[in-house]
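A, B, C, D, E and F are the chain letters, set down in written order, and residue numbers restart from 1 in every chain.
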Amino acid sequence: MLQMNKPMQAGIGKSALLLVLANSHELEEADTRVKESGFSFCLGKTGSMDLQKVVSAIETAAKRNELVNETLYREMHALYHAILEALEGVTRGQIMLGDVMRTVGLRFSIVRGRPYENKAEGEWIAVALYGTIGAPIKGLEHETTGLGINHI
Amino acid sequence: MLQMNKPMQAGIGKSALLLVLANSHELEEADTRVKESGFSFCLGKTGSMDLQKVVSAIETAAKRNELVNETLYREMHALYHAILEALEGVTRGQIMLGDVMRTVGLRFSIVRGRPYENKAEGEWIAVALYGTIGAPIKGLEHETTGLGINHI
Amino acid sequence: MLQMNKPMQAGIGKSALLLVLANSHELEEADTRVKESGFSFCLGKTGSMDLQKVVSAIETAAKRNELVNETLYREMHALYHAILEALEGVTRGQIMLGDVMRTVGLRFSIVRGRPYENKAEGEWIAVALYGTIGAPIKGLEHETTGLGINHI
Amino acid sequence: MLQMNKPMQAGIGKSALLLVLANSHELEEADTRVKESGFSFCLGKTGSMDLQKVVSAIETAAKRNELVNETLYREMHALYHAILEALEGVTRGQIMLGDVMRTVGLRFSIVRGRPYENKAEGEWIAVALYGTIGAPIKGLEHETTGLGINHI
Amino acid sequence: MLQMNKPMQAGIGKSALLLVLANSHELEEADTRVKESGFSFCLGKTGSMDLQKVVSAIETAAKRNELVNETLYREMHALYHAILEALEGVTRGQIMLGDVMRTVGLRFSIVRGRPYENKAEGEWIAVALYGTIGAPIKGLEHETTGLGINHI
Amino acid sequence: MLQMNKPMQAGIGKSALLLVLANSHELEEADTRVKESGFSFCLGKTGSMDLQKVVSAIETAAKRNELVNETLYREMHALYHAILEALEGVTRGQIMLGDVMRTVGLRFSIVRGRPYENKAEGEWIAVALYGTIGAPIKGLEHETTGLGINHI
């Protein structure tokens, strides 16, 4: 059975999820907690039927907030795969939105830091998504989430 | 852009995620909050290289805690697809564990209730998963999450 | 081994398939048979390289024929997943049409009713598709089918 | 819009579907109709939580009934891909059974012949599946179908 | 363990891969070798964020170089599935390019011939792809390959 | 259109592919070429109906040949995803072997080094696979390949 050991409770993925789930009045606490773990992060929103716009919005936020060095392919590559993995959770089966007549409204967080005690494990990046997915008609939607984690 | 409106902040999916992410000392607060929303829920743990055991553990917990009526196929069908969708988020691309040499240690929550203001929307079920995925060697793992939601 | 028991022979899925496979002179018989089972249904045609148009055509037919209540998300959600599952059968692997240079010409049926003897199982919905898939050149195509079933 | 032209109404895929959907008293009519189209075929049943057994049962039936020449890889290759495509329709998303705690009870038909007026199009093979998919508990199941077609 | 027997060393797939990997000064040697095996082939390049253009470029090259008879669906069907299978290798998981903000620059080869000693195995077709995949920004890319083989 | 520029011709992916495609008498030349690029590598063979054995054989070879540091999760994580991506190319659609009644006989190469001129891009790892896939009967098989590349 699973041991909920300390490293995981202070995990980069959990940090990303708590940030993206926080209400406005919970955000300060989440912010403090994540920074105490020594992680850098940013938060944003994106909504579209066009998957390309969702990927692009997250990449742009990561670059603008200097969570990745956009001139280094290895950093963009790490981020890109973390985004795609988070989108697998959001779309659950086929990474498609408008093509199958659905749209998303998502909050996203991007967290970068050293989640492992062993310093040689270096930096990792987590992308968390939370929001709604559904028909392009207000109210015909339910919640959805996704988390992608990669070494950077 | 996404409006974080009240219904979603009190959402069944967010409830399921907060339950599964809660530390032992946060659990009481999460518990209260979810019950105040009028939702029923249960929590459990499962860990395996065998996907069938993961599916089975969640189904068994749902039945034992009477979150679903196991004699009604429509309820089992709703639960089953919510589990599979949550596993898409956990496995991110191919719903496989041991076959591709990886194992999971997961906490799960199952939440049932009426997340929509319109009473005619009836009951829905959410399954949230959070834990680790990785090689079958302690420490060679990172966090993972998944959320599946279905009408019941 | 499989027992072809009565409930399945009068099944909602078989009804949907027989309707979509019927020639014009067989349609009356199929129509009678399905109505005798107490099911409601509609039939339609759609053809496109654009998957969104296919999904939309089926959803629109379901609403116009009052097989689903379009103001209830739970009904639209049930229908939507039945459509996607039927499209998995049609596309066999990747739910894509024009992006991989293929087009479909499909007949579809949507059937709603109570397929189980136990009344508590309530209503279910079936979407059946039958037609051709192939290159966007007349004749370079073969038949394809798909069936999606969901509780409603 | 789709033209339901004659070639498709006498199609190899429709033949395979009608055979697999036929009740015992409808089978004779279906049998006659398919033979009149000049097609060869066989029918069988298979049920398992083990996907390998399902594939194997269909392959064995095709060999025993001499619908394929088992010493020719090109024929076995054509059959194999037709089976896999039919299973995509049955499993709708992930070709898995027991691993995700579900089982199937299926009737299958295998049809071989010349479905195109142009003789140079040669022979094609169709595999149709129809039956139930669900939890490994009697009654917790719904109908499912799939059709795979390949040139041979 | 795998025996690297002669038939495979002179294989249609290996031929397709060596052609697509050859530098300009290696091409003559590869060309000779493939022709000695009795295979016909063509080479081309394509680059796009639009998957449809990639599929179309390969199909057009195959027709223009008379590697397939474009009036025969069985030949176009064989080619089409070989292309899709090669694209699975290139995209590794979801056959998508621009929708997930990535682009490809690919060389392709199409090889047709008799790769098996048994003449009854007839003709087969191989499609090999090699090039880069990555962000739509020069340099943010890595190599990718794919191979699809089908009987024709 | 694609420019076949120098960096790609000396690429880590091409190196991995040429190693895995080399006959015994070509291996020395490929070996020299790859070492001149400053890459480390190893070669191996694996054959199974069991995907887990294939993954395991490649991981074990990488560890024994010290291409990855098995005590560092970031290195094992990079290798693991490169293996899975290569297997997508080999299996083309569903990462499954025995479950869908097929087996592989594969040669594999693992190459590690600095493929980019910009030293800050650091090390990358490539896994190439080449061999046969088919029915578990000798001769009923065709060639298959796959390539996975990741930053390390």
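Simple rule for what comes next: a residue touches a chain if its C-beta (ideal position, glycine included) is under 8 Å from a C-beta of that chain, and two chains touch if they have at least 3 such contacts.
For clarity, every value in this text was computed on a predicted model and none was experimentally measured.
Counted by residue number, the contact pairs of D-F are over half the same as those of C-E, the matching pair from B-C, C-E or C-D.
Ranked by how far their CA centres sit from the centre of chain C, the chains are topped by F. Each chain gets one centre point, the mean of its Cα atoms, and the points for chain A and chain C are 36 Å apart.
Distance between chain A and chain D, defined via averaged C-alpha coordinates, is recorded as 43 Å. Residue positions 73, 77, 93-94, 96, 99, 116, 124, 139, 142 of chain D are each in touch with at least two other chains. On the side of chain D, the complex with chain F involves touching residues 51-52, 55-56, 59, 73, 76-77, 80, 84, 87, 94-96, 99. Of all the residues in chain E, the ones that touch chain D in their complex are 72-74, 77-78, 81, 116, 118, 120-122, 124, 150-151.
Of all residues in chain D, those touching chain C in their complex are 1-4, 8-9, 11-14, 17-18, 21, 23, 45-47, 85, 88-90, 92-93, 105-107, 115-116, 124, 126, 128, 130-132, 139, 142-149. Chain D makes touch with chain B in their complex at residues 94, 96, 98-102, 134-135, 139-142.
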